[in-house]
Every structure is written in C-alpha cells, then in structure tokens.
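Structure first, then comments.
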Amino acid sequence: MRRFECDYATGAHPKVMEALIKTNLEACPGYGEDEHCAHAAQLIRQACQAPQADVHFLVGGTQTNLTIIAAALRPHQGVISTAMGHINDHETGAVEATGHKVLAVPSEDGKLTAAQVEQVCHSHYTDPTMEHKVQPGMVYLSNPTEMGTVYTLSELEAISEAAHKYHIPLFLDGARIAYGLAASDITLPDLARLCDVFYLGGTKAGALFGEAVVITNEALKSDFRYLIKQRGGMLAKGRLLGVQFEALMEDGLYQEIGKKAVAQAMRLQKAFLDKGYPLLIASPTNQQFPILPDKDLEQLSKNYSSCWWCKTDEDHTAVRFCVAWSTTDEDIDALIADIQAL
Amino acid sequence: MRRFECDYATGAHPKVMEALIKTNLEACPGYGEDEHCAHAAQLIRQACQAPQADVHFLVGGTQTNLTIIAAALRPHQGVISTAMGHINDHETGAVEATGHKVLAVPSEDGKLTAAQVEQVCHSHYTDPTMEHKVQPGMVYLSNPTEMGTVYTLSELEAISEAAHKYHIPLFLDGARIAYGLAASDITLPDLARLCDVFYLGGTKAGALFGEAVVITNEALKSDFRYLIKQRGGMLAKGRLLGVQFEALMEDGLYQEIGKKAVAQAMRLQKAFLDKGYPLLIASPTNQQFPILPDKDLEQLSKNYSSCWWCKTDEDHTAVRFCVAWSTTDEDIDALIADIQAL
Amino acid sequence: MRRFECDYATGAHPKVMEALIKTNLEACPGYGEDEHCAHAAQLIRQACQAPQADVHFLVGGTQTNLTIIAAALRPHQGVISTAMGHINDHETGAVEATGHKVLAVPSEDGKLTAAQVEQVCHSHYTDPTMEHKVQPGMVYLSNPTEMGTVYTLSELEAISEAAHKYHIPLFLDGARIAYGLAASDITLPDLARLCDVFYLGGTKAGALFGEAVVITNEALKSDFRYLIKQRGGMLAKGRLLGVQFEALMEDGLYQEIGKKAVAQAMRLQKAFLDKGYPLLIASPTNQQFPILPDKDLEQLSKNYSSCWWCKTDEDHTAVRFCVAWSTTDEDIDALIADIQAL
Amino acid sequence: MRRFECDYATGAHPKVMEALIKTNLEACPGYGEDEHCAHAAQLIRQACQAPQADVHFLVGGTQTNLTIIAAALRPHQGVISTAMGHINDHETGAVEATGHKVLAVPSEDGKLTAAQVEQVCHSHYTDPTMEHKVQPGMVYLSNPTEMGTVYTLSELEAISEAAHKYHIPLFLDGARIAYGLAASDITLPDLARLCDVFYLGGTKAGALFGEAVVITNEALKSDFRYLIKQRGGMLAKGRLLGVQFEALMEDGLYQEIGKKAVAQAMRLQKAFLDKGYPLLIASPTNQQFPILPDKDLEQLSKNYSSCWWCKTDEDHTAVRFCVAWSTTDEDIDALIADIQAL
C-alpha cells in the first residue's frame, strides 16, 4: 500500500531526525528558552526579513490557532473565517471554547475575499444594534486553504488592507505554507509585511510536530508566552521545537520540501486530467482532489490510500490525494502508471 | 557543568529514541488511532490490571490537567487541590481559563489529606448559602507532589474514600509517578483501583514528551477524544506518543528509570545529611531540597546547576537538585565528592 | 407619537404594577426563596400541567438563554439554532462566551425544521472525523420566532422527536410565547410535554422584566440555581419576579395579554394588505412586517414609530410594527385610519 | 417579626417606587438608551465631579462584578481580592467562569491593604517563572467590606497608588457604598479620582435593583455596552434603572438613606456594647456583628430575625443585624429595649 491520504502519516524528514538524535543528550533549559529555539527564531526572522518579529514555537495547529485568537480578541469579539476554515469546521469548537464566535462566511474554493472582510465589518459598524452582535476582531485565513487553493499576492494585499482599514489584525494559518510558497507568488517577507501574525507549519512539512508563530504586530506580542502556557502549548522540552526548525530553516530545507511535493502533485494532477478525470477544484499544491468513477477508485484503492471527500454523483466520488515530504518519485510513478492503466 | 536543575533537560532515553528512529518512516493513521497507540494502551492496561480502562495520550502536563478537569466538571464546580498544587500555582490559570475555580487548601509538605477533602465537602454541603459558592466537583493531587513527597497507600485510600463519599472523582497527576512508584508502597493497580482518572508521566521519565491518561471511571470516559481535540492536545502524528510509551512500558523500562533515579537521589540526600546540611523537606523521590550555606552553594554552582527554591535565612538557601533518567552514576559521584569537599 | 417599534417600550401592566406596589414593604427572604416565587411557580406548574417541573425566575432573555445552554452542554457540545435565532444573531456571542458553538442552520421564515435537526445530527454521527467537530448537544428554537412566525403543534412534535432520537434536549425560548399561545394550536401543556426546558417571557408580555424557566427534564434540573447565581442572573430581591408572575398567571392575565395584542395585530395586518402593501412574511403574532413605499413610510413615521428591518428594493422598505400589552385600540384605530389615508 | 437579617428584604424606597409608577406608561427606547438613564448618568457624574466618566446601569452585583472584570482583563490575568471578597467567596465562581483566577489574599477584617497589592505584584514580577503564574491584572475591593468595615481615604489612596504603580486598574465594588459614604471620610469624588471603575449600589440602598457603574479610566470604557449585553446584564426596559437612580440621586436621597441607616446601626451597636456583648468586628456601617450568648440569641430571635454568622465558642454565636432603608426608628427602639431587657 502506498499512502496518499494525508500529509502527516510518516515521521520526520531525515535531516530533522538527525538533528534530534544529535542533540538528544544535550541538557537545555526548558519551555523554549534554549539556544536552539533562539537560533531557529533567528533563522525564521531572517527568512521573513522581519528582524523585529517575535517567534514562538508550539506543538500543533489547533493549539496554535486557539492560543493566537484568544490572545488577540477581547471577549465581545469574534474572528472572521470562511465556513470551511479549519477553526470553524475541524477543531471541535476550540475557538468557541475560549469564548469567541467564529464569524463564518461562505466560500466555494476555501478562500476568503477582501470584499467579504469589508462586508462583515461594514455591516457591523453600520448596524444600529451592533452592540447586540459579535464585533469582528480578527481575520483568519489559511494558505493554502483546506481545498489546497492559494492566495495570490494581490489577493492577500487586499485582505490585509481591508482588515487594517477596520483596525483588526490579519492572522494567517500556515500549517501548509511550505506548499503554498512553492505554488504562489507570495514569499515569507510578504507574509511578515501583510499579516499581523502567522505561522510556518512544521507538522505537515517534515517535522515530527511543531508550528512556528511569527508575530509582527507590536500589540499582539505582549505576554504571549503566558498565553502559550495557559492553553497548554508550552512544551517542557521546548528545544525539540527549536532543533527541528533549525533543521528545516537551514539550507532552505523547508522550501525544498514544499517545492518537491508540489512538483510531484502537479505530475499527479496532470495524470488525472490526461485520463479525463475532472478535478473537484484546481489545487496548485500538495493536495489533489480528482473526481473518479467509483469502479476506478475501487481498483486504485487496492494499492493506494486516499481520503474520501464527497460523492459528486451516483457513480463518482471526489477523493483527496496528498503528497508529503516522504512521498518518493517511485510512489508517484507507480500511481501514475496505475491511473493510466485504469 | 553537570545539570541537576530539572528532570526535563535532556531528550529521550536511548530505547525511546531508538523506537522513534525505527518507526520514523511508517505511514500511520493520525490523531492517535494507530497500532502503536493501541499497543501502548494495552500495555498500560495490563500494567494497571485495569482491562476496562480507557487510555489516551497527550503531549504535556498542563494540557492534560486542563483537559481532564474541564471534561469532568459542570460549570459551577471546582477542583480541590493544595495551594501549591501545580494546577493552582504553576499553570498560568489554565483551569480557570476553562471556567473552573481551584478550591485551594493549605499544605506544608505538598500533600492533600482525606480530612481536607472531607472538610471542604462537608462545609460546602452544610452551608445554607451553598448555591452562592463553588461546588467541589473533583479532587486533584499529584504524586509525587511538587515537594517530592509521596502518598502512602493508606493515605491514598483515605482520600479516595473521602472523595467517593461525596460522589466526586479523584484525579491523580502522575507527571513524576515513575519516581513515586519507586519510593512508596503504591502500585499502578492501586492507582487504577483508587483513582477515577490518573496519568503516567512520560516527559519527566524518559520520553521526549507525552502523558498517558488512564480513565477507569465509566462516567468520565464519554467523548474524551472530542475534549482532547478541542483543547489542542490531539497530536497529528499521534503515533509518536504510542511509540514512546511502547518503549517505556515494555520490559519494565518505566519502572527501571524510576528506581535508578530514586536510588541516585537517596545517595545524594545522604551526602547532604552527612555533610550536616538539613533538608527543606524529606523527599524520598528524585527531587532533593537541601538547605545550603550560601557560600557553599556558590562554590557548588560552578560545576553543578540546581534550581533556586527559597531563602531560609540570611545566609542559607534551599535549592532543588533533580535526578533524571539521564543522570549518570559519574554525575552523582562527582557531586557527592564535591559536597564532601566543601 | 404612537410607538410601535418594539414590545418592551412601556412599563408593567397595571395589575402587575399594582402587585408590586402592594407587596413593596413586605420583608422577604432573598434570591427567589420567598413565598411569591413559590406561589408563582405553582401557578405555572398548574398552567403547564407539569406538577414535577422545576420553575426558576430570571431577569432577562439573554441571561436566561446563556444560563440554560451552559447548564446543559458539555464543553464539546453546541446548540442547534437557525442562523437568525436570537442566540446566534443578537446576543453578542453570549453562548460562545460560555464556551459553546451555535450550530447555525439557514431559515427563510425563522423556523427550524425537524429535518434540519435530523440532518445536523445524522451528518455529525456519520462523519468519521466527528471528534474534530462540535457535537450537537441541544436544540434551540424560539416560538414565536424573530420573524413573528409560529410553530404548529405537529411541527413542534416532529422537532421534539428528532431531538430525542439523538438524546439531546429541546429548549424553547418563549420570550414572546404569550403571543404564540394566542396564534397557534400549541398550549402550555404541549410545551411541557414536548420540550425539556422552556420559558415564559414576562418582559415582552406585561412585566417590568422577568422570564420564567420551566424544566421538565430531570437531567437538566440538577443544581440549576448554582448556575443562575454564577451567571449573574439571581436577583437579590427575587420576590419581584414571583410577584409579577403571580399577577400574570392569576386569572389568565398572561393569556389575555397575548390574545388582545394578536387581535390588534391582525387588524393592522389586514389594513396593510387592504391597502395593497405586501408583507415581508405572514406573521400571525404581535410583530407585523409590511413592505411600504418609502414615501408612505416617511409620511407614516411622522406619527408612528416602527423598526427598520430591511430595504426590499430601491423604493420600498420592510419595517416592523409591534403591538404590546400597552397598545390601545385607539392606537390601532389611528394607525389604520392613517394607513387608509396614505 | 421585625427583620434584620439582610438589607435587601423589602422593596423600593417610596420615592423610587413613586418614580416607577409615574413613568410606567412612558414609551422609551430599550436597553438603557433612554432619557432617564441619560439623566441619571448625568446626576451621577455631577455627584462624582467626574464629567468625563462613563456611567452604565446593570441589574445586580454579581453580574456587575463579572462584567467589569471580564471586560478589563486579558486571559492570563487575574484579579487581586481578599479571600473573603464577594467575588472570591459568594458568587459561585462567576469570575472563574469568565476564565480568570481570583488572586486571593488573607484578611482579618475584610480589608485589603496597599502592602498586599504591592506584595502580590512584586512577587509576581520578580519570579523567574512568572509566565507560569497568573498575572495580577486588576485590584478588587468592596467598600464597605463583607464585614461592614470601611477604608479610610488614606488607605484607599495607598491602594490606588500601589495598583497604578503596577499599571493595573483599581475596581471598587460599592454595593453598600451608600453606607460607606456615611461612615468614612471618603466622598464620591474621591472614588472617581482614585478608582478606575466603581459602582454605586442601588439594590441595598433603596432601589428594587440596580447598580450604577462609573468608569473613569479611558482604557476601560471601550465597547463596554457590548460586554453588558454579552453577559446578560442589559435590561430590555433599561429605563427602569435610569428612573430609579434619578430618584436616588436627586435631592441627596441616596446619601440620606445611608446616613439614616448608619445612625440607626450605631444606636444598635451601642446597645449591644452597653449590654456587655462584644462585637465580632467593629463595623461603623449598617451591618453589625454582635456576639451573643446562645440563650439570649434564642430569646431575641422570637421577634427579630438576624443572620447566623459563626460560633465563637460553645455558648456564644456571632450574628449579623442589618439595618436597611426600610428600618424604622420603631424597629430600632423595640430591638434596643429587648436587648436591654435580656
């Protein structure tokens, strides 16, 4: 069985693992106050051209999302997101559990638009009963989205402008940003310039776990470590996060992981299209959503795992194939050959 | 510098690391639904002689504490703890952030007593204004305590009885239970029999991270995984937890780590006492709290790190020396020699 | 200016006021533990034919909603409501502030359907990733709805059945139930039979303030007064609530207030329709939503206040006219005459 | 039976009741945006010599406390209070339910000291592990305290200075401030000058209900009405609060109520002392805490209700006698005569 159902099925990239092994017996201060975290933070600041940014390392995405959002909002504020945004749909109400509403707006392709941000804020501030409604206090988006789609630089600039027009911060969930960087015209310095806070996902891009939060907005920096601790996100052996991000950020490994996976995913996409299978959505990143005849899917499933997405009609099913850092060219070759043979 | 300031300064025990390396390229289902977690859970159930228990793996202690407590309490309930309990004093209000008061009672040695549980509950239920007060809804204790002290079996039995008399569950924080098992007459089956929920700490006993929650009370089992997810404690690559606990629970490694550290700590304690240094508290576990003349502490600190605890008078300071899985006999020998030479 | 913009613009019905005056100097125990509250509760139990029900008195609707919902749900559960439900749209995120998501479903007329309840629950329990989603834990509806529409008995029976099929309680917000009883085939005993918890609104039906919560589901009764206190809803001079509900429930005053207002509203509705003004929605209760040409609205607004609802096209606006306990027949006569004269 | 067990047993002062009756049929905008609230706020600003202050009206004390505290704190912050402070001991964990810890310090007489504020803050900011602890974010005190004691002006000045030294706001719970003003050298303008937020209690001083919040600190003003709504404290017929506070603040009725009750209480205190009964604490306000021989208490209880406080030895009990706006001189005369006759 060659596995394509998600991008967190295997362990760490060999270089990350090697760094963990090499440092295993070092005795370090706990809670992220060690040299490895300091160094990894420095590498990230450099990559983002954001010398003033604060960088923090957390273990997982839900934890990171809820910590950032709870840190930024006052009690009567909510966070704007698409309805299919991870915080709205796949975190068991983690944001609400911190007391805040997700202000969900519809989306076909998983992307939020600047016009939607403008619309939510404008309609709030022009409503005479606004005090009876949740005030928009933050904009959340993920890039790539849940559907594998990515924002263009100009789209992100417009969203940033819309958020800042209403004096609310823009938060970008970069759990899969390694793949987004490889598939769009957005760079890390763009993120640092346009977002108030964002994170570089490690879990889905070569680390055992770990998300690196970058805070550029001065107002969001204050006391952030208290919040990490309170929400249970402060790893005792915090250096594990620093060590992994050192490995990822040195010599461009992070970008390389993203590029390789996206190239493999594009080969896969082409194979589906060449075979005549439509895509549920045209994703330029490591997640691909072909619509397959059920009998072909059944055949393929004997040797390749994928993730069920939805039925599109009686005889067809959309599934997700994910490429990850550990996907080999042989995996892709074999899958393409078997697609062609269907 | 030989380091004694905490028990989470180094990485994982070689056998744990080896297991992580060996399984690194396995592709597993995410979120703890893999074979390694299932197997580790089975080993823990066996060790606890609790075939019906639910076992869950979380990353860290604060996260585990807040998740268990929030899962168990109704909104108007609080959790009884000593004032120096970790949840009351060292988790940045994590329990309160889930909406619940910690009902703190005083303690000299870090231990809660059955009489205190009885007193808090009795005084609540006999107060005619009880509806204006937080209802005791759970008993929390850690074993060993923050001061390294341990409960005897009969003490734990009495606390369990007091809690259950008032129909509230007993939760035991076992972040350092590996050392507690080596220093008391309490066994894992005792914990399973007397507690409603408890956990085996991995972070401080040979793992990179990880706490194994054991739920024996049927009423606390329901939907616990939703809670883990909501509070940000569900690791995407959950198998990392399973793999580590497999290594710890197989062949008695967990117990062995505890025993070795306690034996080393006892040698250290004897050296302090032989030198004429009193102990702040008589701890039978891996944390030792000698009171040193300041000039001797200064001398020792050149080669040995310890953790400042408190001033006991103008010229003396209590410090904490921690033994960990990675402390070598050479570390202990050298430290003892230098104590004797003071 | 004759005022029709809401149903809480004036004070209390004369009989309610009289009762408050008459009892003003009585010295009563505080916090709702007085004879008036006990008597009013008894009258409500009788009217509902629910001798086992618990009855509690709170001050206002938002407070009542958040207290009931927070009392009933576990942390990972949410409450099903229409998107325009008061808890979702007009309470500043009060439910989320207690930690729970509102699971909002669309509605044209403000009404929830049994099919929607079934759909939300079924899709949750058949989702293999359900632990990553908020679990439906309660059904909320208001009757009459925000749009003045009402449920039929068979609709309510179907919703009750759908909720109970999934073992979740049905909560009916009866802020305007006085008007609902006058406009549908549902009776108070029906509410007690079909709902697990509901309330009779006093604020909008003749009281200065006050909502009477009726809990029929045994599981929801436990410790409810603790919850009222914790959420700030326990009135020190609680007897004010008892005294008012005594007045409302004696001699059918509550029902009478509802009937009179609905009859007046129907006269108003007929006047709008006779004049050729369509209704935004056909409401059988005390709230009427005519669509008026803007110039006519402007003319009418000189002497009659109403509540802006929405623009329906460039020249037309939907507004809300509310009838209340204090609306006189002269108010209605004058308004109808002026509509006819437009 | 003459009742002395609390100061909220009867309804409203005749002048307050009269104002409610007189305005009952006025149709006003809801939610506190009416002329009566505006006028009452203006009267309070004048009385406080605080022309820039924001004034809001809420229904009850717990609600007011939790709303103010939740509005002011960030998630990792707690509120300093004495252990016997109302928010710590008698509100069913209302503050914790908003996510915040009460940082409780001991007190013999119910009063907090500037030294305690200094100590809590200093020890927090000098603790190297402070990020693992709840950050002090507000100072709460009530004046008079739960024990009827009052702060002197210089004590309040010192506390204000200590709080502001650490840049945290001072919040004064004035549920009984009417009596405090009559018993100390503190004036309303002093409160406005020294506190960042405080409230004038109506419930215990002549109103049916109602607390008037005065916010002088600019940073605490923002969006406060959203918070009131979210926490369920926004009364639909908000004008009821305005009308009552108009009556209380006009012609010095509020101060007069306080003075009269304090004078009556002092007569009572003297009678207890003259009889040779010690006081549990020397309260200069409307709450008196004599220690009575049990047989005398039993005798007195036949005609006078009081509130059980605590046993002081085998044969003696401390009880609370409360004077309220509705206590008559005849009540006091009769009680004193019966004390003398014991």
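All chains are identified by letter, namely A, B, C and D, in their written order; residue positions are counted from 1 within each chain.
Simple rule for what comes next: a residue touches a chain if its C-beta (ideal position, glycine included) is under 8 Å from a C-beta of that chain, and two chains touch if they have at least 3 such contacts.
Keep in mind that this is a model prediction, so the values were computed, not measured.
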item	value
Farthest chain (mean CA position) relative to subunit B	C
Comparison of A-B and A-D by number of C-beta pairs in contact, larger one	A-B
Distance between chain centroids, defined by C-alpha means - subunit B, subunit D (Å)	42
Computed distance of Cα centres, subunit B from subunit A, in Å	33
Centre-of-Cα separation between subunit D and subunit A, whole angstrom	50
Per-residue overlap in subunit B, given as positions that touch at least 2 other chains	75-76, 91-93, 97-99, 131-132, 226-227, 229-230
Footprint of subunit A on subunit B - complex, ascending	3, 6, 8-12, 17, 20-21, 23-30, 59-64, 66-67, 91-94, 97-98, 203-204, 208-209, 226-227, 229-237, 240, 326
In the complex, subunit C residues that touch subunit B	31, 70-71, 74-76, 98-99, 131-132, 135, 223, 225-227, 229-230
Complex contact set, residues of subunit C against subunit A	75-76, 78, 89-93, 96-102, 129, 131-134, 308
